[in-house]
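For clarity, chains are labelled A, B, C and D in written order, and residue numbers in each chain start from 1.
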Amino acid sequence: MSSFGESHGAALGIVVDGCPPGLALTEADLMGDIERRRTGKSRHTSQRREPDQVRILSGVFEGFTTGAPIGLLVDNVDQRPKDYSRIKDQFRPGHADYTYHMKYGFRDYRGGGRSSARETVMRVAAGGIARKYLQEKAGINIYGYVRQIGPLRFDVVDPASAYDNPFFCPDPSRLKEVEQYMDQLRKSGDSIGARVDTIATGVPVGLGEPVFDKLDADIAHAMMSINAVKGVEIGAGFASVEQKGTEHRDEITPTGFKTNHAGGTLGGISSGQDIVVSSAYKPTSSLRLECDTVDHQGQPVKVVTHGRHDPCVGLRATPIAEAMLAIVLMDHYLRNRAQNTDVDTKLKPIPGQA
Amino acid sequence: MSSFGESHGAALGIVVDGCPPGLALTEADLMGDIERRRTGKSRHTSQRREPDQVRILSGVFEGFTTGAPIGLLVDNVDQRPKDYSRIKDQFRPGHADYTYHMKYGFRDYRGGGRSSARETVMRVAAGGIARKYLQEKAGINIYGYVRQIGPLRFDVVDPASAYDNPFFCPDPSRLKEVEQYMDQLRKSGDSIGARVDTIATGVPVGLGEPVFDKLDADIAHAMMSINAVKGVEIGAGFASVEQKGTEHRDEITPTGFKTNHAGGTLGGISSGQDIVVSSAYKPTSSLRLECDTVDHQGQPVKVVTHGRHDPCVGLRATPIAEAMLAIVLMDHYLRNRAQNTDVDTKLKPIPGQA
Amino acid sequence: MSSFGESHGAALGIVVDGCPPGLALTEADLMGDIERRRTGKSRHTSQRREPDQVRILSGVFEGFTTGAPIGLLVDNVDQRPKDYSRIKDQFRPGHADYTYHMKYGFRDYRGGGRSSARETVMRVAAGGIARKYLQEKAGINIYGYVRQIGPLRFDVVDPASAYDNPFFCPDPSRLKEVEQYMDQLRKSGDSIGARVDTIATGVPVGLGEPVFDKLDADIAHAMMSINAVKGVEIGAGFASVEQKGTEHRDEITPTGFKTNHAGGTLGGISSGQDIVVSSAYKPTSSLRLECDTVDHQGQPVKVVTHGRHDPCVGLRATPIAEAMLAIVLMDHYLRNRAQNTDVDTKLKPIPGQA
Amino acid sequence: MSSFGESHGAALGIVVDGCPPGLALTEADLMGDIERRRTGKSRHTSQRREPDQVRILSGVFEGFTTGAPIGLLVDNVDQRPKDYSRIKDQFRPGHADYTYHMKYGFRDYRGGGRSSARETVMRVAAGGIARKYLQEKAGINIYGYVRQIGPLRFDVVDPASAYDNPFFCPDPSRLKEVEQYMDQLRKSGDSIGARVDTIATGVPVGLGEPVFDKLDADIAHAMMSINAVKGVEIGAGFASVEQKGTEHRDEITPTGFKTNHAGGTLGGISSGQDIVVSSAYKPTSSLRLECDTVDHQGQPVKVVTHGRHDPCVGLRATPIAEAMLAIVLMDHYLRNRAQNTDVDTKLKPIPGQA
């Protein structure tokens, strides 16, 4: 997977190499997830309006993947680089302006350039391919929801319902409350963090390389590579700090594991239980509330960010995190096949259960 | 970096390729960190007694690295494979026994084989090279401590003192309390989780590839690849879920950042502030307290783990986490040099501060 | 570098990641080499007419590379997939039809799909970036010519003149003869092989990883990855089989090497002398002269290839081989910088000379 | 695969990661090939006497590979670093002394250090694992012979007999002649080049990634990475320069290909025919015949190399080239399995034939 493109450049793209041949694939297959991530659909997300129409430029012939690299392209339509001219010579706190400038000597200041979360549209597109493959060929399904927005923690009452509201909230009874919270937040000009859970079901036992490229290590890498993520947990995560061994260890019976504190991996290898991942999204720093910073001469200035931003970037993160989990599982599914296709254990897998 | 070796095999080894030439290096340089990780030094860790003497087999000539691959070897001395014969046909809950068996068809059951934390001795050895290079050539220093053991949370009163007690506790006033807690725990036969903080100071601005291989993504990968880790945070971590943007964003002044919620990275690139990482260690599942599991025929059995185990694996994790952070920083230091050696920003770096 | 695209698909593309920032770059900079490779310019190459206009979609801002991935795209314009419908169910000897079919289960039969040499347009585009960087930042220049077409061997009288004739022939006095040979060949319906030489001057001492990724190994890999190449030589190449050590070894004097049998590498590392590479191109197998093959049922059939083909694919290979050499040198230039930026040898390089 | 070790260091080693589990493997399995490569067995090779006893340190348990990394070690026994003290400050022409010094700032001058062909013992050891796997699990066999020593070109009368003479010559009727030639050469103090052919039979259709990592590109890379190799050919190789398309294309019939000019690959993918590779070895430059060079001050000096050297390094190259071919085929066998395990072509493979 190799991607390119800036927030306000001509287009964004990605090359997906190594996809098995014979997967039925159309652009429509990818648009569902892309739509879920898209901006401008409600007042609670950035008002930038991008159709985000993906084009498959290669690797698919007569409706099926051929095994050749799949090139995907999304044109940028609603560019407004002028919005950004005023911050051209300033470093926005909490953004990558300063670090890009110091690393590369200069930067594409239009909407964050390469550092913009706009880049994630291609992850979702590529993840859509992995997702479809995993579902059809391996019986693996991936879903997610927002478990917390600032002070609001949700029970997972109906995870499927998270796809039907702009907050990806899994508890329909809380929607009114969330809406009020977000409206008030937007009016205040401030932003808030969020926690997103991502789950994979139907994962076979055996995925993951057991030392450096543990399955959970690669998942942590994938999640932490998403813009704004500051923490990742597998299974019990930080709660395991206070757990005793007798509590944490998931006992095994002939009908399955009794619990899933491990979150679906043991020794870096999938156990057949659900993979359960949680990630923390920081609040965006692009605010119309003034703050201190410096300019290119190192002089103190006040900065205010106008433009079209998400008051809670975590809100649109669910499909991105799902895509990243799909990509990691796909990679390990294929890697495991390379080494272990011939393995015959003579054991029946222990039934997995969340 | 490519490693090999099992818990009760002949030896463990690692190849470190790409180390710059001209670094003064002896085996003694690596033994300090290895000693800090070593078992059998107090009653609070595993009683396996391994000298862990590392040998440099190549890549060093007349006291300096030559640029050729550095081969490191540690012989296993205190093997007691017989200890494990009774669990040969059982799957220990919370261990990799089951997943290894299902992935590979069979497994080295002697002390977990490749899945044992014994493997981390080579990480510490390799990390020692990175650490010495970073310190001498780049002014980067790395340290760490245990911030929490089960219910006991420590203030960071004196981080340097963490190297002087068997608990890596940074608050000398709590040592008595910790000792009592650990003694009681050991007698109970149970185990407990821990939280370890790892900090790098003096990191220059500009390390990290800004999309998939963000510096924080690679750090998360490195930490999650350590045995028993279930969660990773950079900077504010999961606390950022409840932060507002006005609180989280680290404002900038001509004399430095006002805060470090970001933990030293912005947009996946180091900012010049301290890199601050926190990781969660689950309690070990190797307990002499019986629990349910199944055997190779899928039949229910009771399992008890004898042998020599750590009641809190997090206790010895500090040097391992430091080594992994050193390795990631070293990689990115060299990667950044490849692409950006010629960059001249004309800007002075903003002074970093924790 | 990650590329995509088929001969008769919508477009071809490539992502170039890791290019240093600050290189002045426009589409026009890349078109020179692309033009040299382009078909349909004389009667001696395929009559497919593609404008091959490359677009830079990302990674360049205000005229300079930014360090972000550079996305390049070339649209296919002159697709005539119908030309290929008759060979849909047959395997053309000497082509990848059969191997693609057996590897992937089916294939894009339109003009060879991914296996078409049309894919090399993106190599030339990407190579153009490497070439410009090497020339401007490192003083490395790359050129090439056709040294042999079937029975016709050329003296290297004026290598620069090779850019001015459709045969890339470095001896202007032979052009008439070559033209007659090619006209006669085309009329006969047959095709012929060729040998191409590629040279890099100004290469600094020290590029190349000395064991598996020797500079010459990576060059051999790059050349052999070009469609139709069957052999690669560095320096004396196969002639060294009959050389004695006293003849082959390039003696050294204070004013330079006496000879360059080594072709610019010693122990896999560049020596400062010119890098001299030679590659062999097989004759194309797409001929209007009938031959034996089998169809998808394994039944014997006669096959004839119509369509627009090159009677000597080696003729257009010069810019492709130059691009591949540029890409390898660029990679090793950056890799060497990662490890060895700080090296100070206190020795003056030995003057290189061909 | 990651290797380490110098000619006169403590030991040489290699880590082989990703080997499928379940392969029966002992040290004895690897010694056959190592013995064939070993020095000091006849007067025609270097007189350095190394037992080259390989030790398997990990990755094998109860006689079978476990899927964990296999660590292999060979101790250096017959080190004589003093032999080299006199060339400490001189650059031997045709050797890597100068390039190592300029790349790394200094060098291990004992017998070439890392640049010595002694490093290839670990390639042969690692290749032995690949070889055994390919033979037992995939029906692929690899063999080789010396086809030319300087002016002496051999017919391939009996390839198996090449294993029974010190020259790896496949024509028993020529042995006397070769012996006389080599004796005379050794007495003269000079050295000579050689050509080695390597063949793989039973290779299934479908191995190789069709653009940059073509099977033949990876083979060329592997061969050119062997010390002293200056050229690589697949199938017809450089002879294809003078071939017409009607001659080169291998026509297909229901009972097989009529010829094998392609050398077993089409479009970078194995065709099911024999893989046929030829490589050129330069004559060693370590001669007791004096020549011109410079010292570390750039001053002209005369250099003479004493010590124990091979008058024809190509003589011992056969097992090394076989090992490298085995490693490449193994990699592609596993890579292909990752992507294409599910492919069902419904076509019978065309019978391969050399």
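Things worth noting here:
Please note the rule applied: a contact is a pair of C-beta atoms (placed from the backbone, for glycine too) under 8 Å apart; a residue touches a chain by one contact, two chains touch by 3 or more.
Remember, predicted model here, so these are calculated numbers, not experimental data.
The minimal number of chain-to-chain contact steps leading from chain A to chain C is 1. For the interfaces C-D and B-C, the C-beta contact count is higher for C-D.
Compared with chain B, the chain whose C-alpha mean position is the greatest distance off is C.
Averaged C-alpha coordinates put the centre of chain B at 39 Å from the centre of chain D.
Centre to centre, using the average C-alpha position, chain C and chain D are separated by 26 Å. Averaging C-alpha coordinates per chain places the centre of chain B 46 Å away from that of chain C. Among the residues of chain C, those in touch with two or more other chains are 3, 21-22, 67-69, 100, 103-105, 114, 210-211, 340, 343. The residues of chain C lying in touch with chain A in their complex are 2-6, 9-13, 15, 17, 21-22, 55, 57-59, 61, 64, 66-71, 73, 100, 103-108, 110, 113-114. Chain contact summary for the complex, chain C toward chain D: residues 1, 3, 91, 93-96, 98-105, 112, 114-115, 119, 148, 150-151, 190-195, 205-206, 208, 210-214, 216-225, 227, 229-238, 240-254, 258, 261-263, 265-272, 280-287, 289, 291-294, 296, 298-300, 314, 336, 340, 343-345, 347-350. Taken in their complex, chain D has these residues touching chain A: 18-22, 67-69, 137, 210-211, 334-335, 337-343.
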